[in-house]
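Just below sit the structures, each encoded as structure tokens.
You will see two complexes here that share chain A, one where it goes with chain B and one where it goes with chain C.
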Partner chain A sequence: MHQLISSFEGLQGKVKGINYLNDGVVLVDTTPNSLFDVVNFITRELKGIFTVIIGVDAREIDGSFHNIYVFSLDELKKYVLVRVMLEGSDPKVPSITPLIKGADWSEREIRDLLGIKFINHPDPRKLIVPESWHDGVFPLRKEVSYKLRAHGPYEPYQPRRSEDVIALPYGPYHPLLHEPEYFELHVKGETVIDIEYRGFHVHRGIEKLGEARLTINQIPFVAERICGICGYVHSVCYCQVIEGAAGIEVPERALYIRSLILEIERIHSHLLWLGVACHVLGFDTGFMHAWRIREPVMHLAELLTGNRKTYGINLVGGVRRDLKEEHIDKVIKVLNEVKEGYTKFINYLTGVREVIKRLEGSGLLPRTEAISYGVVGPVARASALKRDVRVDHPYAAYKDVYFKVPVYNDCDNMARLMVRVEEVFESIDIIKQLLDKLPKGPILAENVEVAEYREGFSAVEAPRGEDVHYVMTGKYSRVYRWKVRAPSYSNIPALKVMLHECPLSDAPLTIASIDPCFSCTDRLIVVDVNTGKRFKVPMRALAKGWRP
Partner chain B sequence: MSLYKRSIWVFHLNTGGCNACDIEILDVLTPYHDVERFGIKLVASPRHADALLISGPVTREALPKVIDALLAVPEPKVVIAVGSCPISGGIWYDTYSTIGGLNELYRILKEEYGINEPLTVRIPGCPPRPEAIIHGVALALGIVKQKVKFNHIVIG
Partner chain C sequence: MLTNLLAALCVIFVVLLIPIIDGFERRIRARIQSRIGPPLKQTYYDLVKLFRKELLIPNTASRLFILAPFISISTSITALAIIPYTLNNSIGFEGDLILIVYLMIFASIATLLGGLASGNPFAEVSSSRELTLVMASELFLGLTIATLAVKYGSLSLVKISTAIVVSPSVILAYMALAYYAFIKSSRTPYDIAEAEPEIASGYAIEFSGPLLAITILSNLMKRFIASSLFTVISLGPLIALLTMPIANDVLRISVNAMLTILLSIATYLVLGSISTTYGRYRVRHAVEAVKKCSIMPLISLMLALLGL
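Showing the complex of A and B:
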């Protein structure tokens, strides 16, 4: 720890102060002018990987906006938060996107929601709010009500129609992957050259809702609604932040129960993804088998949490529902059955030559690009980047269990599949170890009191990668600022690299291979660079080898 | 309530939901529940669909596309609202980036297009259980009878 602080001494005069937020998190204060030097130092000397930028409207506290740049130092097992204070009346800061490609979305998001100007940012378009949103209304500023719907007049959706365009008669929705998303693929002949993304159809204003209407102990239940697949991850991460900020000791048994349910969630999420990947390949038999194997895991989740979606058992300070002795045998029995069926299925799947041929060598993401975009989770591990929050920044009960982190060097879709396949086996193993060592005792901490204006930061390894939460607590047991960075937020921009020079028919599979959390595409616009023609093509047609 | 004599084809429309309802919808199609035995089938285009499965609170970004999809479903159509979000807007009923559920959507449809509210089956839950989703669709099909009648309750 002291080693890390002394390493900052080289930046004389550029760093204004260094503090510990909690055990594994270091907060460094600097000025907008020195930001480039500090960021360069962290990424080059300390091998920090960019995570996210957090914007805070702290004008009520000290009259300024805070921009917090988060970097993960995986080798030193620390997070470094670089805080820059910006003028309250006219906040502006140099953009770091030219240095770090992964910062693009974060900066555009803060510009949309907080109105901070990023000097020299390459992309002036809106990212989060609709195109018709009024300029000058920034939803996350404190004076703006969470109810203010400042979008322009309602205009019917007009798909681009011209003589060149074939507009298929369905909207940007597709039953293949279940969430509204919009990609534009630019192709030359059969090869993808570039990709445009327009998402955030699912932006529901959850951070503002948490800051405006909810109390600290209500937020875990809303945090679970961020994602229906890996919701428990968000509530655990949020609770850890508050517990860290307020110095609450969580009972051992509660930590074990949290880890247990996190692993159950990982198993069902990976099985779900495996099914969807088979579906995208046109291999529906695999889809049905994967979901058949998954169903007992859902029943297990219901047994342990009372809800099929692992909802509603977290509170700040512990969990609400204890694990009953008679359930332990049942859990082990079900897991053994799942493992048996799953092993059979994987042997069968990896023996299907067509599936393997489609997966191998497609969607390449080299290691250097993976670092530059700061990708997380299975996508990083498939690009020879050994990153796993469970090992790098241990939380809950992961310090007490042994498991392998699968890492592949192939950087392709097959590697991403194999990482997830192996992780399911590891998860089953982790659950057995946890049940074996499960300590006795209380499950909820007493005296949960949170002081005002405390900051906290925590990360959890979601099935899709590193999930990050930041909280600044406020008055009257509310939160002042709550920031969530879901794993897909880091992974989707890297698709630009994965899809470059990739055959068109591999595009849907590659997009699916990162397992985007606000699940993937619906339809693509294909632009032929040679002729400038535009076609609108459903994903399924693309997957079956559509030709322009 | 039986609008259809034979199989019902549904189109799934996520209007900005969290995925929980969506994976439960997928769940009912896969071997454990297997609704295809009732003739319920998920289709890729609203033009082929008899019914629209809506999940999510209808975000502003998705609204124009949702209306487009809704208008593309041929008559007679039925809307099946899955989960708390489309029914009432859920916890997001008044946040800045959503419109707050189906009622608001129907109001826009009435005002902008002069279209009356289509027949709607509402399946509450966050998320509803797969059995509840099957029950909701069966209700639209006329396989089961509705046991509880809609009732206006005015508070305050």
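Showing the complex of A and C:
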């Protein structure tokens, strides 16, 4: 612990203060001018991988904006939060996107929502708010009401066309991914040469809602509705943040139950993904069987929590629903059956040549790019990056169980499939271990009191990767700032690398290979680069912010 | 006269039967995938519903857009009429084997043109995929037919499907025909031109209502023609041999027709269930696979030329 603090001594004068938020989270204060040096130090010396930037409108507290740069030090098992205070009247900070590609979305998001200027940011386009958004109104600033709506006409998006390049629109209602997203693939013949992404069509403003309308104990239920597949991770992550910030001691049994449900969620999510991947490959038989195997897992979730999905069993301080002893045998029996069917299915699937042929060598994401974009979860593990929040930053009951983290060096779609395939086996094993060791006792902490203006930060390994929440508590048992970073937010920008020069028939598979969750990410636009070279821009929709 | 009438009845019967056969295939596929599946008449319901729906024509479409499905279905019906289900020389003529190759290509080209005429980028990609596949697969069929022509000394479908010639080259040619039926059925792994998750059903994307119904029907017919072509040519001689003792012409022809149609359906369903165990090829892989398999008819042609 002290080793880490002493390692910052080389930056004397540039670091203003170092505190521990809790055991695994270090908060470093610095100034905008020294930001580059500190970031460089963390990424190069400490091998920190960029996670997200959190913007806080803290003018009510100390008259300034806070920008918190989060880095994950996987080897040291710590998160480093670098905080810079920005002037309240005219917030400005140098952009770190030139150093770290993954920071692009975060910076543009903060620019859209909090009005902080990022000097030298390469992309002036809007990310979250629509093009017709009110000028000078920044939704996450405290003076803006959560009821504010966008105005002005919607401008239809015009795909670009030139003679030998076809722009293929994938979305907003593309049959591949049944969610509102928009990919524009620029193809020459059958080869993808460029990609545009527009998302955030259904930004729900859930953070603003949490800050403006909900109390601390209501948010777990809203948080669970962030995602339609792996919502429980958000609920757990939020509760952990508050518990950490308020120093609440959560009963052991509750931690075990949380881990157990998280693993059940991982199994059903991975099986769902496997089915979708088969469907994308035209192998509908595999699709149907994967979902058949998934069904008993859903029943299991219903048995334990009362719901197939959106379990709603989390509260700050523990869980609401206890595990019945008589259910344990049933859980183990179902898991054994699932494992048997699943093993058969996987043996069969890996024997279908067309499927394997298409998975191998497509959608390459080299390790260096993976680090630069800060990808998470199975995508990172398939690119030879050994990162798993359950091991790197243990939470809930994961410190008590043993499991393997599958890592592959092939960096392709096959590797991403294999990582998920193996994780299902590991998850089944974890659940058995947890049930074996399940301690007795209460499931909810009795004394839950949360002080004002305390900060908390926590992460959970979702099926899609590292899910991150940050909270600053406020007055009257509300949150002052709640920040959510879903895993797909880190993974989608990396698609630009994976899709470059890939055959069109592999594009949908590659997009699906990161298991994107658009409802979690739900914000707008990416990807530029190279465009000036090959196309006659400007597009109408991008006209407002286009640069030559 | 009566035999001609029977042949015509056969065509009508098959056209009406095709949606039911598709219903069977859907049921079988569902069972393999551990589902229950739709009712047998589902394809009828679909078609009837589509015929009743509004016809929408995109602004970008040219006149060919409306014409293409009709060209496609009329060529398919013509091809269906030429296939001698009755194993009797009624509408056939010397050289109709060549005609059937032309008609098969033409039906493919028609769907391709319909896609291009819609002006939709997905349809454009789909059309280029279909074209690459057509070029590879028709060469395949051409080689096979050349083998048959050499061995039987005729280009008449009826003659080929009633005369018995047993030799290595002919057996290879039969296998090649079966494979051609598989490629032509545009099921997985050869459904690259439709590829719903990749290019959103491709050429058919802009078709709606009656036009979509016609496109679907003509696609199903193409599938059935390809299976029938294999069945009639390879199993026709056996059937002809079996029904030889029947003295009554009309009775014999009816029995022939029944047997060939039943066996064609069986081929159709077998090919359909095989395809469920496949994923979709990449375009490059599909063409490569067809090219690799072209060895089969090529060898058979060489054998035939050597007199084997």
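Definition applied: the second predicted complex is superposed on the first by the 494 of 548 C-alpha atoms of A that agree within 3 Å, B and C clash if a C-alpha of one lies under 4 Å from a C-alpha of the other, contacts with A are read in each partner's own complex, and residues count from 1 in each chain.
What we mean here is this: contacts are C-beta pairs under 8 Å (C-beta built on N, C-alpha and C of every residue); 3 or more make two chains touch, one makes a residue touch a chain.
Note that the structure is predicted; figures quoted are calculated from it, not measured.
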A:Val352 touches, of chain B and chain C: first, second, both or neither? second
Contacts of A:Ser505 with chain B and chain C, given as first, second, both or neither: second
Chain B versus chain C as contact partner of A:Lys208, first or second or both or neither: first
Chain B or chain C, by number of chain A residues touched: B
Touched partner set for A:Arg292, first chain B, second chain C, both or neither: both
Touched partner set for A:Leu335, first chain B, second chain C, both or neither: neither
First, second, both or neither for A:Ile226, with chain B first and chain C second: first
Partner chain in contact with A:Met418 - chain B first, chain C second, else both or neither: neither
Touched partner set for A:Arg149, first chain B, second chain C, both or neither: first
Common ground on chain A, meaning residues reached by chain C in one complex and by chain B in the other: 159, 168-169, 174-176, 287-288, 292
Parts of chain A lying in touch with chain B, wherever the complex brings them together: 129-130, 139, 146-151, 154-157, 159, 168-176, 178-180, 200-206, 208-209, 222, 225-229, 231, 272, 275, 287-288, 291-292, 295, 298, 308-309, 311, 517-519, 538, 540
Residues on chain B engaged by chain A in the complex (per definition of touch): 11-27, 30-32, 42-47, 56-57, 59-69, 72, 90-92, 94-99, 108, 112, 126-127, 129
Touching residues on chain A, where the partner in the complex is chain C: 159, 166-169, 174-176, 187, 189-190, 278-289, 292, 352, 354-355, 357-358, 503-508
Chain C to chain A touching residues, read off their complex: 29, 32-35, 121-122, 124-125, 128-129, 188-189, 191-192, 195-201, 276-285
